[in-house]
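Shared chain: chain A. Partners: chain B in the first complex, chain C in the second.
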Partner chain A sequence: MMESIISTMAEQLGPAFVVLGAALAAGFAGSGSAWGIGIANEAAAGIMTEDPKKFVSALILLALPGTQGIYGFLVAIFALLKAGIIGSPVSVTVWQGVALGAAWLPIAIAGFYSAIWQGKSSAASILLISKRPEQMGKAMILPAMCETYAVLGLLVSLLMLNGIKIG
Partner chain B sequence: MAIEAMRKVRVAAHKSVADDVWNRIQSIGCCQVIQGGRERTEERDAASLKTRVRRIDDLLSEVRFVMRFLEPYASGKGGGLSNALGDLPAFSASELEAMASAEKFLDTATIVRALEKRASDVKSSLSRVTGLIASLAPLASLPYSLDFYNRGTESVQGNLFSVPAVSVDEFKSRVSSSLGKEAEIYVSPGGPKDTVRIVSAIYARSVAEKFSLAASGIQMSRIEVPPQLTGLPRGEISRLEKELSSLKAEEAAIASEIKNIAHDAWGLCELCSDKWGVERAKLEAILDGEHTEQIIIESFWIPAEKVADFKAAVSQWNQLTDIAVSEPEEGDEPPVLLKNKKLFAPVEPLISMFGLPGYRGLDPTSVVAPFFYIFFGICFGDAAYGAIVASALIFLMLRNRVAGTIRKFMLVLIISNICAVIFGALTFSWFGDSITSFSFLHFLIPLEKIKILDPMNDPMTMLFVSLAFGFVQIFIGLVIAMYDNLRKGDKFAAFADQGGWMIFLCSLVLMGLASAGAVPVPSGIFKTTAVIGALILVATQGREKENILGKLFSGVLSLYNVTGYLGDLLSYSRLLALGLSSAAVGTVINLLANLVSGVPYVGVLLGLLIFILGHSFGIAVNVLGAFVHSLRLQYVEFFGKFYSASGEEFAPLAVRTQYVRVSGE
Partner chain C sequence: MPRNDAYGYAVARIRALEPQLFDPSQLQRMIDADDSDAALKILAESGYARWMNEGARYDSALEAELCAAFDEFAAFVPDRGLIDIFRIPYDFHNVKVLLKSAFRARTGGKKRYDLLTRLGSISPDDLVSRMESEEYGLLPWGLSVLLPSCASMWEQNADIVEIERVLDSGMFAAVISLADSLEFPGVISWGRARIDSENIRNLLRMKRFGFDASAAASFLHGGGTVTVAALVPLMSDQFEAWGRSLAYSDVGAAISAVEAGGDFDEQMPALERTLDDFCSSVVANARYSSTAPENITAYLWGKEMEIKNIRTILVSKGTKTNREGVKGMMRRGYFG
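Showing the complex of A and B:
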């Protein structure tokens, strides 16, 4: 009796960890992006009251903190694919599940915080182009400085997922 | 790498030909005014020109007024995308001269001004009438003429009050007990929910004081009736409503009149705005010169290779002009014009976005260009995405006449996207993994033969490739800095600063490779060279400090900069991350499309929809990311090694227009 409970747990606990990790990766990185874009939106709407023609440049700048959400989503899908929760099924042990489930941490944390700060940088850049539209190039580079760390987080998450051997 | 050599040309021209000469200079568009002549000019010598500038300013402000007024009515103004790309309708200078005359414009402006006045009169009448109607609405049921309340008769006067519903009875009883039949009170009917009632009180003038005494203490406010309203409220309201509808008809009529003239008037304004804008720039340029009673003297910067063209262009006024060409002097800072090979030149706007090099500095364009193209290709990383963006841009360039900076930007994107096609093909990424994931695309599987890298399954190799690109670029940065030091004659700095780091960094990398077995040489050799490099740095990096301890300390401390180089190098790992992310976005979209395509009946259609929308989204997001991050690697990691942006952009006096293109005759 006890043994069968333990073996069922062992079978299901692995995938459960992966689901938890995927959920947190997509959830946190996505929330960060939404937050960051929200901050940038306030600035964008503000400058458009003066000059509605700035819509396109403002849109480009406020889209910049959106990538973290995509990175989180990617990590989530890859974890789910790897654990066979979507796509072709594979068997995942508890410890593999824990490892796959932990690979969410870099992108979720770096994504969440970098997106918020990138949103603030984007807002500042939007204010910059409201006064000096010719500085669009520099305005795009500044928020990208924050994104570097989300990119590194994504990289580490993906390398972790890639490194864990299944089956 | 090249920065165009500049010459200084000094032109002296008799005032009688000044207009023609400067027109010519403006139309060849290669001379930048050197400021400073204006201060040496006596007021009276430039007075007539200043009057002309003022006249043009007046005209231009009138043009702006007319355009602002017509903007909502001029439908189809501009050609949308073509205009945004700078493909403007062309006119020759003489056509422009003939079509955009001041008289013609002022006639139009008079008409527009009159229409504007009528429109604003109607608008203010409309708001007055609407206001009156709104204020009369609660009085509609009043059975008395309104002139009781604003004028009264000889013996009778009336007042209107709004009284809280709860106080109405008290008010009535107070007034009737105090004035009896000398006052007539009427309360407008209201529902139980109305908190305020309109109350009319008509009473003999002789008892006015008694009335106010009786009414005092009740919280109510008097309603003023405008003096122009005299009849029964109902009658007044219907009269005002008639007036309102006729005003609205008038408003519509004016709007259609404006619409009728808007198209032509807008076109005329565009021509005038450009013509006078160009004229104004020329006059300002002339005013920047030194004026004497008879002649105008002005100096320009001109690219050395254009000097002959310039001389030929103004030769027809030989008798009345004098030209002297000279080299830039020691203290001069000539403006900077970059000049590069066709393949590299499109990157020039990216350089000037960061800031141009000084006139005597180095132009990094030809080094930045290949790296930018390749980095973009790796980050965008998908053959099909690259092909779509490149062909869309090529189509736009063929369809429209695109010039200047926009043309260069488009070329940068086209070349970069061609790199993306190449890199996508080498990693077998066509819309992500669409070829293997959709069975009807299986016939394309032979394309896998050209795959040499698989970042999805073997990211370490790709990471190594990314870092290798980074190392090469950083090393090139050091080489350029070294060359720059040598060029300036500072051999010591070249070998100590850059040379020391080159030896040290190369040794560290080779040491790593050797101990991993990637280089068939024992790693001990590189250990020795690394120590040599480090010693050079320790010995030289503190050379500005005064005492020996300070020198040593700063020298050792400088080795700490290796973390900076490490950080820069690791930053290039974004090439892998962004490349992976575009491939992964594509793969996820294909996965979703495949999942829904199993749905009966509509599955295929849904799958197609997800495929198209998803990949369009993927393209948009990844183009932005690839562009920004490839550029950042140039600006931060690469430029940090050697580049200083201290130059002024070459901005010649030229025919600059906003709405039309002035073509040569």
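Showing the complex of A and C:
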């Protein structure tokens, strides 16, 4: 009886870690993006109150912190596919589940913080185009610098997921 | 959420409002105008046009523009105190007008309610009704205590200069108390810079009129970065030495730049301009932040300086002051 309970737990614990990791990857990166967009949105609303024609430029800049949420979503989907929770079922051990579950860390942490700071950068760039609309190109490059670290987090998470052998 | 994060919208709106401020080239065009009509025509090409009705005095237009800025900011700035700090001096101006009118009325004189301004935080009508009914209890900025005390001072010795002195001290105490309660470092520094500026301005005036040091102390206000005790000894020094004596403070460094030559009539306008520019410089760095509440202070102070510049130019057209002299009186304002 006891052996049967332990065996069932071992079978389910691996996938449980993967689900937890996927949830945290999507949750943290998505929250960071929402926060960053919110910050940039305040600046966009401020300049559009006086000059509604700035909508398109402001929209492009305030959308920049949204990419981290997409990266978190991609890592979550990739982890769930790899563990067979969606798609073709595969057997995942506890340690494989822990490893797959831990692959969320780079994108969740880098995505969360870089999205908030990118939101602040975007807000500053929105202020820049409110006075100098001709500087739109430079205004986009500045917040994009924060994106580099979210991309690195995404790459490390994907490499980790790819490196774990299942089955 | 940090308190500064609440200012993202307000600061963005200020950036979008910046192009509506007068820049130095527009002021230069007004200075170069042949007469006051030509200068007013340039003013009418700007945002001031909405207040310049046929036959209206330019003073009303300038007041309406500043009042509209205060009202507009009050609608979107998270801390109303940032606007009230600019309105307090106008509240005290209105109180002085009403007190003097009341005192004059007792001796059969005329009430001068036409001198009241709408720029204060308390509406003139409200203030008049409270003062006439002597209901001071709910008045802000310490006026609930100051007004009964001023009334009793008048009863005792009818000394209007002393009453003005008490009200001025009360005003600066209210300004610095409000700045402290807001807890924004730049706003506190700006409040202290205004007190330093007022003290140094008063000190030069009193030196000109031959006040002795002990009498001068009562006309100086506490709360600045330079204490009253450090200012009083300056009365016995030449103005040229003041900057050196106060070199340890920011205001001392600022007044060192005032050209000491010439008489009082030349020194005073130069000193006033330098002190206003000093106050502008205290909050100037806020422009590099997208969330600093000090941006509100910088903009509204810049607006006040803009109006002061426009008024100086328009008055100079009437008095035929030479253009170089007027140019020398222009405050740097928001654009630095």
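Heads up, the rule we're going with is that the second predicted complex is superposed on the first by the 167 of 167 C-alpha atoms of A that agree within 3 Å, B and C clash if a C-alpha of one lies under 4 Å from a C-alpha of the other, contacts with A are read in each partner's own complex, and residues count from 1 in each chain.
Please note the rule applied: contacts are C-beta pairs under 8 Å (C-beta built on N, C-alpha and C of every residue); 3 or more make two chains touch, one makes a residue touch a chain.
What you see is a predicted model, and the numbers here were worked out from it, not measured in a lab.
S.K.: Quick one: chain B and chain C on chain A, clash or fit?
M.R.: Chain B and chain C fit side by side in the superposed model.
S.K.: Can A:103 be said to touch chain B (first), chain C (second), both, or neither?
M.R.: neither
S.K.: With both complexes superposed on chain A, which partner does A:146 reach: first (chain B), second (chain C), both or neither?
M.R.: Touch partners of A:146: none, neither chain B nor chain C.
S.K.: Thinking of the overlay built on chain A, is A:45 touched by chain B (first), by chain C (second), by both, or by neither?
M.R.: In the superposition, A:45 touches chain C alone.
S.K.: In the overlay, answer first, second, both or neither for which of chain B and chain C A:22 touches.
M.R.: A:22: touches no partner chain.
S.K.: Is A:126 touching the first partner chain B, the second partner chain C, both, or neither of them?
M.R.: It touches chain C, and chain B stays clear.
S.K.: By residue count, which of the two partners contacts chain A more extensively, chain B or chain C?
M.R.: Looking at chain A, the partner in contact with more of its residues is B.
S.K.: Touch check for A:61: first (chain B), second (chain C), both, or neither?
M.R.: Neither partner.
S.K.: Between chain B and chain C, whom does A:79 touch in the aligned arrangement: first, second, both, or neither?
M.R.: neither
S.K.: With chain A as the corner point, what is the angle to chain B and chain C based on their C-alpha centres after superposing, as a multiple of 10 degrees?
M.R.: With chain A as the vertex, the angle is 50 degrees.
S.K.: Once you lay one complex on the other using chain A, what is the shortest C-alpha distance from chain B to chain C, in Å?
M.R.: 9
S.K.: Let me check the overlay on chain A: which residues of chain A are in contact with chain B and also with chain C?
M.R.: Common to the two interfaces on chain A: nothing.
S.K.: Chain A touches which residues of chain C in the complex?
M.R.: Those residues of chain C that touch chain A are 5, 8-19, 76, 290-291.
S.K.: Taking the complex as given, what residues does chain A use to touch chain B?
M.R.: It is residues 60, 63-64, 66-67, 70-71, 73-74, 77-78, 81, 86-87, 136-138, 140-141, 144-145, 147-148, 151-152, 154-155, 158-159, 162 of chain A that touch chain B.
S.K.: Can you list the residues on chain A that touch chain C in the complex?
M.R.: Against chain C, the touching part of chain A is residues 39, 42-47, 49-51, 54, 120, 123-124, 126-127, 130-131.
S.K.: Quick check: in the complex, which residue numbers of chain B touch chain A?
M.R.: It is residues 350, 353-354, 457, 459-460, 463, 570-571, 573-574, 576-578, 580-581, 584-585, 588, 591, 595, 621, 624-625, 628-629, 631-632, 635-636 of chain B that touch chain A.
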